[in-house]
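Supplied in structure tokens, the structure appears directly below.
The letters A, B, C and D name the chains in turn, as written, and every chain counts its residues from 1.
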């Protein structure tokens, strides 16, 4: 019995409920929300150290033994995702205290952020397929809410696309779960690991394809990503950062989890398809970014491109590749959140998101320039930042498995990534400040607010640096996590051996 | 439409429906029914009340804001699960006081479901009605 | 009997998909409702059908007397229905707001968020 | 600034004290699980470059102190320069090819910051971007090459790779690896067709040019090739690509240099020439060639750095760098004139300066190969000499006329003239007095590092009158001719080159193409029409389902037993309701048929013993209809909205049919098998005993799988929260 495993879900749920009671008291809301995230972070740290020390952990909810009840389980991969979720969660809650403070629905934002975190953590921890669906829905509806709080017309129209395209994904997932249950009689991941291989190959293909489709929409893979660039840039920066960091990653998590545990697809046609898809995803994403001129749109398209890199790992299905994917996932969550946060700060400063209306930040705010450089170059994969190691691992894995054109695509995309990051740099930072700002920032920035903005930005930048410079422990961790995914005996043992 | 007869009948029907919804909630563990079904019947009852009276009337009659009811519903369910943690058992483990009398945390959980669904659906219903007026 | 329900499921889903591909936002919602119903039926069918007994244990017993309908698929459907209902209401409100903003119900015209900014 | 100067000296001294001509290695495990250790390797080649990097860096820092004086961000400038220096030093000291790559990229980043230092000007920003894109792209090619190289050798350690050359040579990845590494080196060292970024980078302040384009950044490619030459030098591709690319670069950029009027640009192009020449020499790989290359690296670093600094000073004094407007500088910038003179002599190859020495051996090496390369070298050197004369004589010695700009004296700032002067004399003294030392400590060991099989021979200043010396004389004379007829020649070159696209133009074209491609493809995939997005998603789903469902085993019989008549009738009614819904032209009709369909579904749930589900479905259906009816009046009617074309509707129908059929078929196939009832058996057995409830479905919901339900009610509450805030907003606006 290990209650630590449910805390990452219970804490934000409880926090959200408590926040509902607080209503409009901004300071109290901020305090409670940060406190909740702080607890979550603590639990995340405890969880990961437990898993590192004692191997995969599991707890059965309601004391019903596996596979009858719902089991929450954490291996290294899950634990890492939970921890990183809380790192981002805490950062964003702090940032939003400045960014969203003046929104009429400030309290609702905080409530929904906590619900979202609950959903995300639930998805990372559950070892039950239908329960995964439930957490996906929790996450999704929280994101619907966040997307449409205080929404203007652009946001509503972006929201329509986000909502309907995502609904197709969850409906497909539900259908697939129903069919898989009918075919195997099981819902528990570990039990499914034994049950699915005996199904007829045709059926496996159908079901695997349905799951892959559903998760691909969530992860914004080519060509199913249209909802993302249509909606993310309409969001307030802190929400955009949260979405960018976590939502697509949950999709990727689900891909990795199901396709290592339930449908190990090594050597099947899916592998080929996924390899092709990852290349196209990288390419379309970065081209999209190259065609845009507002920071949030550039960054939104970049999410897609980077998702492509992460998917390479699972598509190639070697230990190095999956380790690279996991490292990439962690790196990208931090970096992308940070870039959106910086974008939000610039937006606040200039009252616009368009590059042509910005300039001179390099001179007026050199600290921010440094803070931007770190994630921007990390995103582009420059050494010795976090992005380099993950990109290196992924590219090396593609070369080692003789997927040369995949490596070539990844490299070309890197060049375009540099280009679009430096486009922001050249315009917002280096270009002289516009002489006639079109719209003055609505409110001036107090030093306390600036602090709230900058603390998360600086922390994330520091993390990027640390992962880059002390890559060894991180990579070794990712390597171990990949090993656990490829040889899931320990995970299965933990899940099925769970006591009532 | 809002004749006296309609309103009186409506009130009687609403009363019966609310009682029925509670009955469904309580027997749900053993017979068809349960928190969700009960809650929906209650909401339909109040929808009838909105039709008979007005949204404002309903708001006044419930005393609490429906949103708050919904939140406390989730809170009750969560709490019923947390109860097991204090006894050092996994989250959501059913704790029963007397084996003979069916009274335990799963029932509390169902009450939470009832309140959550009732509050949530009613709050949207009221909001839409108000918005359309 | 599974075949009949499979057929109905397929029909509901096909009709739902067709409606979701239309341009009027209300018809898209209709489509969503139909697909939801279809998927729920799919889960029911997939968990096998039974006309012999309810998944309810008679008073005093410890096991159902007769072969019983699959309770798990029913529970899953219940959860799915509730979630679907919540989502549907949200979508309905969203559709309503979107039409107000656009003054049209044509989803293909709702592309403010993807227009190029000068 | 003091600190950065100090850093340079300290590094210089410490490296020198550690140095041992046989090579020193030091290793620290950095990321061992990826095979990356932080290894430092200090041998002759590294030391030669380190000396240049630190020594010239030191002088450039001094120069920059006065050059940047009064600029607001001069401190930042020194920091960048120091960072760049360290990156460069790391590059030449790396003993692991990935560490080398990391520093390589760091030089790219820091040089970006330096080149774009005058970022207020658009041209600076543009050129900095160009430089980083070109070198960055090359860097990534290099990364791929290095990964493949490491993969072939089994390690990323340099010494290990050199020991395992036999593994690499036999691998079928040899050629691609070589090409990728060459691409990296050629971009960094500004070889054709990537030469254009280097002149573009001239928008940087003078100290940057003096540093980056003399001893450091651009030499990184040369260093890399020298370093890896033991691995590749036996390949034909290596020889031919270096000869062709190096030779073409040298000749072509030499011509381009002649047509420039901006002295700094002229120097920039002549740097291209020098780099091309170095590639040329590396290709030969003979002992003379390598010795000449090493000597030329030193000579070029010394005179080119001095030149750039002098031109910077000239710019300060005159406000222009166009030689047509410059004259009589010799009288005012006396010290700079001496420095420029010494550099020009070295560049032109006049004894006893280092340029002469390298030229001597260059000819020796070329004569060992054949006459054609010798002729090319003579031509290149003639151009070099001509350029040297132009740069010194025209601005410094010619008398001022009406075109000339007024000059001001800037030599009161010591560091504007002292560093170039030092460089000039350093060259002179080295060849006159330090040649033995140079041979023993640097050139000899460096040559061995480049080609371990070589027997080195110490360089000698005077070798008697021989063919190389005569050739040197010839190229010098030709240089004078170039100088004499410079106007005519540059006009002629201008005539030729104007018709040809410049590298810069091509780069712009490529960038435009990329951005057009980007907009084009984004327009295709991100068009903003929701129903087309949906069609894409659903058609993928449809194709998938149909494709694989067709491959499913056909169930032997359709399982219709137990189906009663009323079910069939209801099914027909359901079909009718659905068809009405599909065809309905009014909103209320739609809702009515939707409701009917829902209620019939409910009945089916009843028939199949799902009372809880049926009740819930009934209630949900009722509420849905209530909600729909309330809202629908505020929505536009079906008739007010455009519909799809007939073709599109047919496509939609096809897609939806394929999904429906796919689901039906899959479901039939699944249900034709038997099901594992382990879970439900357990639930039935434990429902009363362990969970105290007789309604198994409800027990599952609140106990066995209560976590699902907890999530589910959260969803409902959030939906309410989200929907009510959505609605609230409008009220506020109206009120």
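Throughout what follows, a contact is a pair of C-beta atoms (placed from the backbone, for glycine too) under 8 Å apart; a residue touches a chain by one contact, two chains touch by 3 or more.
All figures in this text were calculated on a predicted structure; none of them were measured in a lab.
Participant: Have a look at C-D versus B-C and report the one with more C-beta pairs in contact.
Facilitator: Pair with more contacting C-beta pairs, B-C versus C-D: C-D.
Participant: Greatest Cα-centroid separation from chain D: which chain?
Facilitator: In terms of C-alpha centroids, the chain at the greatest distance from chain D is B.
Participant: Taking the mean of the CA coordinates per chain, how far is chain A from chain D in Å?
Facilitator: So the centre of chain A lies 26 Å away from the centre of chain D.
Participant: Between chain C and chain D, what distance separates the C-alpha centroids? Give it in angstrom.
Facilitator: Averaging C-alpha atoms per chain gives centres 49 Å apart.
Participant: Calculate how many whole Å lie between the centre of chain A and the centre of chain B, each centre taken as the average of the chain's C-alpha atoms.
Facilitator: Roughly 36 Å separates the two chain centres.
Participant: At least two other chains touched by the same residue of chain A: list those residues.
Facilitator: 13, 61-62, 130, 134, 137, 141, 144-145, 148, 151, 160-161, 164, 168, 175, 179, 182-183, 229-230
Participant: Which chain C residues reach two or more other chains?
Facilitator: Answer for chain C, listing residues that touch two or more other chains: 13, 20, 25, 42, 45-48, 54, 56, 59, 72, 76, 78-79, 82-83, 85-87, 89-90, 93-95, 97, 107, 110-111, 113-114.
Participant: Do you know which chain D residues sit against two or more other chains?
Facilitator: Where chain D meets two or more other chains at a single residue, that happens at 526, 528, 530, 534, 538, 611-612, 616, 620, 623, 627, 631, 634, 662-663, 667, 670-671, 675, 677, 679, 683, 694-695, 701, 703-710, 712-716, 718-723, 726-727, 730.
Participant: Chain adjacency by touch: line, ring, star, complete or other shape?
Facilitator: complete
Participant: Which positions of chain A touch chain D when the two form their complex?
Facilitator: Per the touch definition, chain A meets chain D at residues 13, 61-62, 64, 67-70, 104-105, 108, 111-112, 115, 118-119, 122, 126, 130-131, 134-135, 137-138, 141-142, 144-145, 148-151, 160-161, 164-165, 168, 172, 175, 179, 182-187, 195, 200, 202-203, 205-206, 209-210, 213, 217, 223-227, 229-230, 284, 287-292, 301, 362, 366, 377, 382-384, 388-389, 392-393, 395-396, 399-400, 404, 407-408, 411-412, 414-416, 418-419, 422, 426, 430-432, 471-472, 475-476, 479.
Participant: Looking at the complex, which residues from chain D come into contact with chain C?
Facilitator: For chain D paired with chain C, touching residues are 526-532, 534-535, 538, 558-563, 567-568, 571, 574-575, 578, 581-582, 587, 590, 594, 597-598, 601, 604-605, 607-613, 616-617, 620, 623-624, 627-628, 631-632, 634-636, 638, 640-644, 652-653, 655-657, 659-665, 667-668, 670-672, 675, 677, 679-680, 683-685, 687-689, 694-697, 700-701, 704-705, 708-709, 712-713, 715-716, 718-720, 722-723, 726-727, 730.
Participant: Name, in rising order, each residue of chain C that touches chain D in their complex.
Facilitator: 1-27, 29-30, 33-34, 37-38, 40-42, 44-59, 61-64, 68-72, 74-79, 81-83, 85-90, 92-97, 99-100, 103-108, 110-111, 113-115
Participant: List the residues on chain D that touch chain B in their complex, please.
Facilitator: The contact residues of chain D facing chain B are 611-612, 615-616, 619-620, 622-623, 626-627, 630-631, 633-634, 691-695, 698-699, 701-703, 706-707, 709-710, 713-714, 716-717, 719-721, 723-724, 727-728, 730-731.
Participant: Quick one: which bits of chain C touch chain B in the complex? Just the residue numbers, please.
Facilitator: Touching chain B: residues 54, 56, 59, 78, 82, 85-86, 89, 93 of chain C.
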